[in-house]
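These notes open a run of structures that come right after.
Note that subunit A is present in both complexes that follow, paired respectively with subunit B and with subunit C.
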Partner chain A sequence: MKGVASRLGQMVLVLFGISVLVFAVFFATPGSDPSVRIAGRGASPEVIERVRHAYGFDRPLPMRYLTMMDHLFISRNLTSYVNHGQNVVSEVFAAAPVTLSLVLWAALFWVAGALVFGLIGAAFQGEWIDRLVSLLALIGLSIPVFWLGEMVNLVSESRFHDSWLFSWVPPLGYVPFMTSPLGWAKALILPAMTLAVAFIGLYSRVLRTDLLTAMQDDALRTARAKGVGPWRLWFCHALRLSGLSALSLFGLDFAQLLGGGALLIEVVFALPGVGHLTYQGLSTLDLPLIMATVLYAAFFVVIANALIDGLYRLLDPRMGRGSHDG
Partner chain B sequence: MIFSATGRFLYRRKSAAAALGMLLLLILCALAAPLYAENVGVDPMESSLAGTVLRDGKRVDIMQPNDNPLHLGLSPIGPSWRWGAYALGADSQGRDIAARLLYGARASLLIAFSAACLCLVMATFCGLLAGYCGGWIDIIISRALDILWAVPVYLFAISLSVVTVGHDLSFGPFHVQPDSLLLPIGIIALIYVPYAARPIRARTRSLSSAGFVLAARGLGASSLRIVFREILPLLAETVLVLSPLIMALCLLAESALSFLSLGVQAPAASWGSLIHDGEGLIYSRPVVAIAPGVAIILTVLALNALGDAAQAELRARGRR
Partner chain C sequence: MTGEALLSVSDLRLQHRQAGILLDGVSLTVKRGQILGVVGESGSGKSLTGLSVLGLQPQGQLSGTLRFDGEDLTRFSSRDWRRFRGRRAAMIFQDPMTAFLPVRRIGPQIVEQIRVHTALSHQAARERVVSLLGRMGVPSPEQTAQRFPHELSGGLRQRAMIAMALSCDPELLIADEPTTALDVTVQTQILTLLKEIGAREASVMLITHDMGVVAQSCTDVAVLYAGVVIETGPVAEVLQAPLHPYTKALLRAIPPMTGSRPERLPVIDGVPPSPDTRPVGCVFAPRCPQVTPDCAIRPPMRGEGAHRAACVLVP
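Up next is the complex of A and B:
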């Protein structure tokens, strides 16, 4: 119980640190005055002074930090600098389902792909098919995701759109699940696959290494000696032993993607998720909007990490004891 | 001794040798950028919408009527198989893609390399301090790095770029130009410090309780001497193995930032900003976006292969 309390205390400390860091990046970067930026290029000193007072930039930093956090998390009425009267927090929550759907689809593809390639690589260790899979995984890791998205668009929307393979691809954009479940799935399949490519590369490598380590384990040697068939050996015994570390990695990446890692894909495929919202804020320099998405994302990642950590301890009681230092 | 070790490593691991060869080739190409631009006579930064180019013995406009049936609007000239100006075609400003690709290689490789070096220096400093001192210094540094790492990397880089890139900045006596390459270099280096510092700290911890360090301390060596003469030389291996992977990450981050127009500022080019330029022409002149993407993939692939080989070598050495 003491462990849980100290973990919670650490989490709160980290959350506080993140909020200070993000606030400092946006409003206390030396030499960049937000009021100059809001007033626009070439504004007169009087106008800048008025803006500074109107937005409260002339108050001391700790006060501004507290009011900002109040606007963001307690009264939740932070308004945009660009579109006055637009509530930033509700916008973030409205965009979240799009990102969630995209990342869920991507997770489906990347778990399936990683399992297939990881198992193939481990089962045929050292043979040409293993080398081929390793090379493919390395290439998948090396492709910039936004470029791959452009190429997928080029092939599926323009060059081969009329062929049987891509005639089902809808125009870019998002369809809510409530409007049409089929349209929702169609709109998300290609973006999710694109997003999954790099993760398939990463996870198949991790899984292959873990499976090969697990094969050296005493439990596996016993199972083999008992005469367990190869399918049962790989799928039931080895995968269970090696899946755990990949699972905790999966949780981290899933949370990172939900927290805005999918920004580039959302921009390329014109999906109105949280990342796309951030991107819109970039082009208009809407600092409250960007700050809200970044801060909510970071908080989400920290809380998700803590949950995964707890889950991991439940699944593998050995973790809590011994050295968790590293 | 270090040269012979590198030579043996490259001889044993052919993939590393191939990757290194590829990287050297790319660097040579980047260095040859002005040579190419002068040879074919194009300016990679200046837009030339009214210019003409010699192709198949005829003078043709760089901006040509569209291929669509109505011939509305103009689209830039496409690629050709002949050596010469506009071999890869032009972008929407009428600039030579091949020349911009070469100049972009300079920016991309320079930023990735400097960012990786800066990142590793900072990470080594943090990791060494945390790992060697332990105690509360370790706790503070580790927690600070945890906080940095909890913010999704690209979002953090984007946030920092939004407030710095493209604005006149003054840090005390230093003045940074709005389009200075120092900004993307610093930002990209900073976001990967926590990632690089973790293995360095772990290695320092295991080294600082090793027998030879205890022996040195027993002989009365100062902490500074232990860190610089005993630990750092052995730590260099860890850092060196990490460096290609960090550089690959930095290159990808740079291309993403430039793709969002937050890295290298126009009219200068980097591979990421070239893909951004190609986005508008993706259906009519896809080569504008394809070429820089292929360049990024080749570079990152070579760096990753080099890093993998180095890591495998280190592991094999540990087993022996």
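Up next is the complex of A and C:
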């Protein structure tokens, strides 16, 4: 119980800090004055002044900060500075499922890929197949994701769209799960795979190193002395022992992707997700939108951290005992 | 059955690409019902000998013969090894803290070994674990099986380790410094337990650097120096009338139990040979106070009966 309370306190603190930072940086940015934008092109200084007063931009910054937070969290009717009347909060909530679906699919591919390639690399350490896998991982890591995305689009949407391999690929965009589960899956498979490529490269390397370290562990020597076969040795012993550091890395990456880190993929594949929204907010200097998406992202990072900590405790019983049995 | 050779190692050599010669013709025999102490200082190859019996030695060129109950271990396939390890010969390690998988409960780890080797159901295996732990003198075995390794004391962990090693009724138990990481009082308990096991259940190969441990619990002893067995025999004979100068020096270095404490314990001058300085003849010759010109040729084991030593001084 105490743990939950301190987590909540921590979350509020983090969200507060980030929101203040975003707010302060925004008003220090040249050309960001929202009154000018709202007043429209070529508006007279009087009009701008009126807008400034009407929107409360002439009030002191702390007051404006509090008003914004009130609109964002309590009355939940914060509107965009750019598109009048566009409710930012509902925009974010509409975009969240898109990003969530994309990232879940990507996580599926990247965990599976990392497991396969990590285990292959470790089991065939130093052999040609290990070298091949590590070369592929390096390539995967270094390919820019937007370029890869465009290439995937080029191949699957135009060049070879009529071939048997890619005829199933739907046009760019998102299909909600509720509308058509199959369409939902089809729309997301290629973007998710593209997103997963770099992560597979990174995670397979991390996992390979961890597995090889674990194989040197005394506990693994005991397992061999017990007569455990190679499959059990790798899967039940080495993987169990080495998955922990990959897991904490996974938690952070997963959270930052949920928070809009998949921006490039979302833009390239025309998926209306949180990353897309962030991109939109940044390119139009729309503070309410930036604020909403940034806080949404921070929220997920904190939540994911708490979840990973819990999972860690579950997987490694040596952690965090004693605090609750006193 | 006592007296029949269970394990016979002869002329076992292991050469590692970087570390050089690790074992240089180790020969020893473990008979059924015997507790053989394998003594030597660090780096003498005693643990490697133990690991080689299970085929777990580090990569390197291994030669010589390893016979276990008539079977030639050097011809084992990896499948044969898997069936052998844990079932016919089992091993316990020095540090029970790191030897268990830290993230799984004790019980399931022992169950795993039973299920790997036998067709026992999960339930039956669990019952067997509890009774094994009880037999090893673990208090409230049912609860202990539910604990994680870090939740047990060192002595209990080592008891659990022994229970795991004995879970498939092996014929040979290899104990690699099983008491080194434990308190002195707990050491004695574990040694007593091993002695009981040696008397009733399995032959034991007890690897240690401690002559006291040998005196306390072994029936026979093999003294290793720089990858060579230099003296073997029944414990009482070796301790009372050591033949090899190294064994003699080793025994002199034990503080006396009675009488006045010596100012300084006698030490053996010099250090064990490094791979570059390995003598062709007797490996102990460079440090031996009684060295003779004959020592330039590696002496074979000589002596009468069971007590033998590899030294030219032995008649």
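Basically, the second predicted complex is superposed on the first by the 283 of 326 C-alpha atoms of A that agree within 3 Å, B and C clash if a C-alpha of one lies under 4 Å from a C-alpha of the other, contacts with A are read in each partner's own complex, and residues count from 1 in each chain.
Here is the rule we use: a contact is a pair of C-beta atoms (placed from the backbone, for glycine too) under 8 Å apart; a residue touches a chain by one contact, two chains touch by 3 or more.
Bear in mind the structure is a predicted one, so any value in this text is a computation, not a measurement.
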Could you look at A:278 and tell me whether it touches subunit B, subunit C, both or neither (first, second, both, neither)? first
Per-residue contact with subunit A, leading partner among subunit C and subunit B: B
Per the contact definition in the header, classify A:225: touching subunit B only (first), subunit C only (second), both, or neither. second
Going by the contact rule set out at the top, does A:315 touch subunit B (first), subunit C (second), both, or neither? second
Now for A:217: first (subunit B), second (subunit C), both, or neither, which partner does it touch? second
Which of subunit B and subunit C A:242 touches, first, second, both or neither: neither
Is there a shared patch on subunit A that both subunit B and subunit C touch, and which residues make it up? none
In the complex formed with subunit C, which residues of subunit A make contact? 217-219, 221-230, 232, 236-237, 240-241, 315-318
Of all residues in subunit B, which touch subunit A in the complex? 143-144, 146-148, 150-156, 158-160, 162-164, 167-172, 202, 248, 252, 255-256, 259-260, 262, 272, 275, 278-279, 282-283, 286, 289-290, 292-293, 296-297, 300-301, 304-305, 308
Applying the document's contact rule, which stretches of subunit A touch subunit B when the two form their complex? 10, 13-14, 17-18, 21-22, 25-26, 29-32, 37, 138-139, 141-144, 146-147, 150-151, 153-154, 157-158, 256, 259-261, 263-264, 267, 278-279, 282, 285, 287, 290-291, 293-294, 297-298, 301-302, 305, 326
Residues of subunit C touching subunit A in the complex: 54, 56, 78, 81-87, 90-91, 93, 95, 98-104, 112-113, 116-117, 148, 150-151, 164
